[in-house]
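Order as written gives the chain letters A, B, C and D; numbering starts at 1 within each chain.
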Amino acid sequence: MTDSAILISLAGVLAAAAPVVFAVLGETISERAGVLNLSMNGMILLSAMGSFAVALATKNVFLGFLAGAAIGALISLIVAFASLTLMQSQVAVGFVLALLCRDLSYFLGNPIMGQVAPRISQLPIPGLEGIPILGTLIFRQDMMTYLSFVLVILAWFFIFRTRPGLTLRGIGERPAAAFVRGANVNRLRYVYAMIGGAIAGLAGPIYSLSIKAGWKGTISGLDGIGWIVLSITIFGGWKPFRAALGCYLFAILQWLGLVLQPSLPSVPSQVLQVAPFPLMILTLLFVNIGNAEWVERSLARLPENVRREIAKALRAMNATPPAALGVPFEKE
Amino acid sequence: MRNVSRIFLMLLIAVVVGSAAFAQSAPPAAGSNLTIGLVMVGPYNDHGWSQANYDGIQYVLAKVPGTKLVYIDKANSADRPGTTVSQLGESLVAQGAKLVVFSSDDMTDEAIKFAQDHKDIFVVLTSGSQQWKDGKDYKPLPNMINVMGRMEYMKMVAGVAAAMTTKTGKIGFLGPLINDETRRLAASAYLGAKYAWVNYLKKDAKDLQFKVTWIGFWFNIPGVTSDPTQVADDFFNTGFDVVISGIDTTEAVAEAAKYQAQGKTVWAVPYDYAKAIDEGKGVSLGVPYFNWGPAYSAVVTSAMKGTWKSHWEWNAPDWKNINNPDTSAVGFKKGTLSKAASDGVDTFVGELGKGLNLWKGPLNTQDGKPYLKAGTVATDQQVWYLPQLLEGMQGQSVSK
Amino acid sequence: MRDNRSTRFAFQLGAVVLALGIATLALLAAGAQPIQAYRNIILGAVGSWDVAANVLVSWVPLLLATSGLLVTFTVGLWNIGIEGQITLGAIFTTWALRSLQSSAMDPALVIILAVLAGMAGGALWAMFAGALKTFGGVNEIFGGLGLNFVATALNLWLIFGPWKRPGVASMSGTLPFERALWMPIAAGSSRLTPMTLIIAVIAILAVYAMIEGTYFGLRLKAVGKNQKSAYILGIPTWQHMMSSFAICGVFAGLAGAVQVTSVYHRLIPSISSGYGYMGLMVAMLVGYKASIAAPVALFFAALNVGSIQLPIVMKLDSSLAGVLQGTLVLFVILGQGARGRLLKKAKVRT
Amino acid sequence: MHVELRKIAKCFGALRANDAITLTVPASTILGILGENGAGKSTLMKIFSGFYSPDSGEILLDGKAVRISSPADAIRQGIGMLHQDPLDFPPLRVLDDFILGRRGGLIPNRRGAAKEFKELALRFDFSIDPDVYVDTLTVGERQQLEILRLLWLGARVLILDEPTTGISLPQKEKLFATLKKLAAEGMTIIFVSHKLEDVEALCTQAAVLRQGVLVGEMLPPFQTKDLIEMMFGKEVPLAPKLKLEPGKSVLAAKHIALDGIRLQIKGVDLEVRAGEVIGLAGMEGSGQALFLGACAGLAQPTEGSFCLDEDEHDMTGRSHHDFRREGVAYLPAARLEQALVAGLSLTEHFILSEGMKGLFIDRRKSEELAASRIALYNIKGRPDSAVESLSGGNQQRALLALMRSPLKLILVEHPTRGLDIESTIYVWGKLKERCAQGTAIVFISADLDEVLQYSDRVMVFFAGRVSPPLDSGKLSVEELGRLIGGKGWEALQGATEHA
């Protein structure tokens, strides 16, 4: 394999990760506000199907993408309403929606199986595509892949640099304190759940109108993406760049799985494919183990400086979820 | 406790009755009207394997008077949790089906159970080998017929088209999961490609690269299989300019179209459904496809006339016209081919019709061990149960 | 508004009506006759003894999964990893059957051992998620999800790798076991195994009795309702959480074992058939109470089996069953919330 | 700012949390509001800072009646509240926390904010790095951060709720200096506390609340004795003191060091003997709850050891259940949160705590058990009553009824908090019965009379300082009140070092 071939492949990895980036960032924003949207798997399928149907009917890709975002926002609205207004478990509602939306997409999408709708294509950026390495890697992608890069930066900038982003972090970490400082916690949670849902909803059309163009029902190869998205969100530690890194790591593992197939015949092909999940579990383990009672118990007797060091090491993982994730807020 | 023993007694009786059933004869003639039940593994409109079968039965309905169709698609436990294929077959029987086509090798076990449980129903198991006396899985069932087309030939043709087209001498094969069938189809494509490379293009066999990448399943399951889109991309990115698809879904064609749009000269070969070529105008070199109509017509007719006899058939193309919808079990629909490539395909088909056999020694398996000695021709068994990829092919031979 | 049986019933009825409404809308959107569709589903589930038997076949693993989940829900855990636990149960059962099938052992004994192995397999996988939760602080939802995928991959690897059938390895799964190693099938049916029905009924009764009638069940409840107080009351909390995982795993493994020994007679790629997730839905719908789990699971199974008629008769996709189940659970949850809100308002006013 | 509260009243159900409270606080005043727990201080401050709206009464700022609709509205009107547990964002950086809540454009001017932060910090001689994370700060520093933030937002009235809990002495001195400086600049400061020492050292005016009513106001020089009397009211008639001869050693705590969230205590020694009652006195959060929990195995000491019985059976590092098995009972104050399971009936609680053996619940036997205990402990409830439906007094009785016998040691937090006199006497009657059987009791109470009345010996906790066990017979309410308020520690021999 030549250098440039690797670059082109990596460029492909970046493109393959684009929908996952959207979904993970959408989920990250929602969870930052304290709303865990477990419906991701059904949501991506339904928005993939819905946006494909719209693009098919209108012959307009843009309307298709719009539909995908709308579906994502609508489903998030249901999650938000059930949990924020009706005080029901976010996990339960999200899980039901994950299954419901999946079946709904198969049922409603049956008549349009296998049809050909418009799709977006590559859009090399003149001038920039010629830059060595970066040109190949970044500037010969399609619109949504560019947007995925922009979105990562934008999401990071919004969350960590803007005033509303600061409030967003606040309502997810300590809604009571955010309330005291003038934030309308529940309304903001609605807003961010729906914005996050709309962004994540775009993952659907990126699949069905671009990288896996078409709608093929159960063999579309999309069932399961949503669960992976939830895993990467955790791995990403609710930080856009780390989340994006998780998405690219996932796509690279997938790619490695097939590249290494001939050279590592002794490794079952499933190993690299499922790798994101053990990775997620390990991440969670490192992040949480410090809180476990037995760890605390055994740490208690250690000399203070050793304790500090261990606490520091655990802290370095620094991927604690928003403290109020999934916890409803009621002002006194 | 008494109940338990009674149940075991019932089991015993069932086993005895079940084994006695092998002695029974096939169901009697179905008469002038016949409702056909069709069980498909994927969606009936999948533009792939299932739809090819669906079209095959549609052909029967048009050609054989008195036939009706009831069908169920997506007959797999992922799509229809909690159901078994034999149960789905029974649903069709309840709708009046007297002959049930189980149109996938994946349904083998359930089709056998169904055939054993319903001796009055004609059963067709497509692509199975249970009624092949010389096969490894021979399990005589008087009401079952196995039907399969010799796709190997058309994969060879696909290989020829690929070899005549490639500029880089690198051909990729996008494989599903690894088994005997997928190995022999991949090997066939390789044999065709090598033949054209050496004999038509007069190039050194060493300069031809033929690489197989398996995704691990018939379609993509995120988090479990490799992504065929990525596989196709990877081929195109690493200098492979033709990708032959071994899976039903059309990622290879879609990706080739994408790369062509970027000004790259790459092509793809879809698989097994004639109209799949429409999805990739300008990028598909052609499609090797199944034409199930004639074979299904024959078995349906035999059931109606009372001439049904359990057997296994592996149907060759009609060499006079491989695309004859009434006679050829498999075909190759040409797509975007250069003049030379198109001529090469025609020449090759002509040679095959005259008796050219590429399954002929000396051939070694991938590990270098002899598979066929010089001069010997492979038997059907040797081809059907190909144990490894052939020497000269890259890629995994056996799943780990 | 008062909080009593009739308002609760009214809200549940409302949920059913709304769910039917949504499904009807979906049918209309697909250009189908809703009444005819429902009629076909009903006929497909109870129209004949054969289809009714199929409903029971599907009821057994679903009820087993639900039974297990009721235990984890009692202790306040969301065991979403149950799919993987069913899969591991099936894998262990297959392993035992494969190891023992050529031995001289009595087939009945082999089946029993295989089923026990399956139960152990399910329990093992559940304890894995449990250990991650209790010792590692890993939320059981995410740990379980990850383990589900690992189980699927393990299953596929076995089917296409070490346990592949001679000849053509395929999605069809491993080589089917000899009929002697099948759970005995009822006379006059092609797949109903009375033994599994007995197992399922015993399972749900056992869970009901355990939660409502035993000291252990009471302790589970206490841990589920208030971990801190339960601990102060002298209940070893993490041990009870682990046990509930293990028990759920046993039931899930049993469901997997039933799938192998009485439904598929082999290991297939999607051996869990989604019963775990469906069991979660059933458990949510019954409000985590064992008393009405059996009929609701039966209803879900009937919907699943009955909906097969939709593609056959009406050329509709059978995922309508899932839509109906999902909307039903969704509206019941939303109804609960709405009722809670209205009750609270009523309380404030008085 | 001149602040006036006129006839503020607020009820929660039947509880009159504030009963027509009228207070006038001129600008530059530091008003100390004193009162024991539940006196209504927090409610009043929450009304003032916009959390609650009063049932009646009005608030005047500089003579103008205002309506304060929310905490955010309060700060807009110049009222800043510093909560006991600072309402900040531990996972954020100091500067982000500082900016959060301040209105402005899309992108905050971080550089400008940092500059102003540093200037403000310099003014009060605070040294907080704006780039570190809030959770690396001490509580004192977090308070400083909140003060700076509230000032930055334009606060002209500053309410501080128990601000000296959990901060170090130098930090407290700095805080007081800051507050004095602010008052001198015209700021109005309301200092809510139950620490006499702090009020005396800081305030220019004091008001005392008891049971929702303003019972008195005072100007310096403060008379400690009068303040104590106002705070704690008249003595409750209590049962006569029983004096039992202490028996053999039950629990020996040797050189215990504990690491709490807010404070550390070190070098605590205590030997409890059978039949003896030890009272742990101190304002809430002074370390006594931590110590009591450690005696039950609920918190692990970082140094020292716990031994049970005369044979010095070492229990250090063992779990609560091990202590429980050895006959140690723990009765927490948060009954419904930590001791009882809401949703389960009384019968079910008895079943659970008895640790009954067997598989199936013996309904009849357990109902008989429940019925007999209910009768024995005079609980107003039926065996099938859900515990959350019982009144506080009955919940406490239920907790007593749940204790097994025999017991070596009972550890109890606030045994009579929220109880009426009858229940109080009843609860102590039952506890004393246990003593007579040879059980030792260690209890926490904020009620000085209760401590003196029932304890044989008293340990006083004050902000991480722990007194040696003092003979209760030689202590007066006043002396104890002074110690709790942080005064008179110099005279104690053997008090542990300040952490």
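Basically, a contact is a pair of C-beta atoms (placed from the backbone, for glycine too) under 8 Å apart; a residue touches a chain by one contact, two chains touch by 3 or more.
Just so we're clear, the structure is a prediction, and the values are computed from it rather than from any experiment.
Colleague: Measuring centre to centre, with centres taken as mean CA positions, what chain is farthest from chain B?
Modeller: D
Colleague: Applying the document's contact definition, name the chain pair with more C-beta pairs in contact, A-B or A-D.
Modeller: A-B
Colleague: State, to the nearest whole Å, the distance from the C-alpha centre of chain A to the C-alpha centre of chain B.
Modeller: 38
Colleague: Counting only Cα atoms for the centres, state how far chain B is from chain D in Å.
Modeller: Each chain reduced to its C-alpha mean, chain B and chain D end up 77 Å apart.
Colleague: Report, in whole Å, the distance between the mean C-alpha point of chain A and the mean C-alpha point of chain D.
Modeller: 44
Colleague: Whole-Å distance, chain A centre to chain C centre, using C-alpha means?
Modeller: Result: the chain centres lie 28 Å from each other.
Colleague: Which residues of chain A are in contact with two or more other chains?
Modeller: Residue numbers touching two or more other chains: 110, 217, 224, 227, 268, 270, 273-274, 277.
Colleague: For chain C, what residues touch not just one other chain but two or more?
Modeller: 149, 152-153, 156-157, 161
Colleague: Can you work out from the touch definition every pair of chains that touches here?
Modeller: A-B, A-C, A-D, B-C, C-D
Colleague: Could you please specify the touching residues of chain D with respect to chain A in the complex?
Modeller: 46, 51-52, 70-72, 75, 81, 87-92, 96, 99-101, 103-108, 259, 300-302, 317, 319
Colleague: So in the complex, the part of chain A that touches chain B is made up of which residues?
Modeller: Touch list, chain A to chain B: 1-2, 5, 8-9, 12-13, 16, 110, 113-114, 116, 121-122, 124, 140, 211-214, 216-219, 221-225, 227-228, 251, 254-255, 257-259, 261-262, 265-270, 273-274, 276-277.
Colleague: Which residues, counting only chain A, touch chain C once they are in their complex?
Modeller: 38, 78, 81-82, 85-89, 91-93, 95-97, 99-104, 106-108, 110-111, 217, 224, 227, 230-231, 234, 268, 270-271, 273-274, 277-278, 280-281, 284-285, 288-294
Colleague: With touch defined as at the start, can you tell me which chain B residues reach chain C in the complex?
Modeller: 3-4, 7-8, 10-11, 13-15, 18, 41, 70-74, 76-78, 80-84, 86-88, 90-92, 94-95, 105-110, 112-113, 117-118, 129, 135-137, 177-181, 216-218, 221, 223-224, 385, 399-400
Colleague: How about chain C: which of its residues touch chain D in the complex?
Modeller: For chain C paired with chain D, touching residues are 209, 213-216, 218-219, 221-222, 225-226, 228-236.
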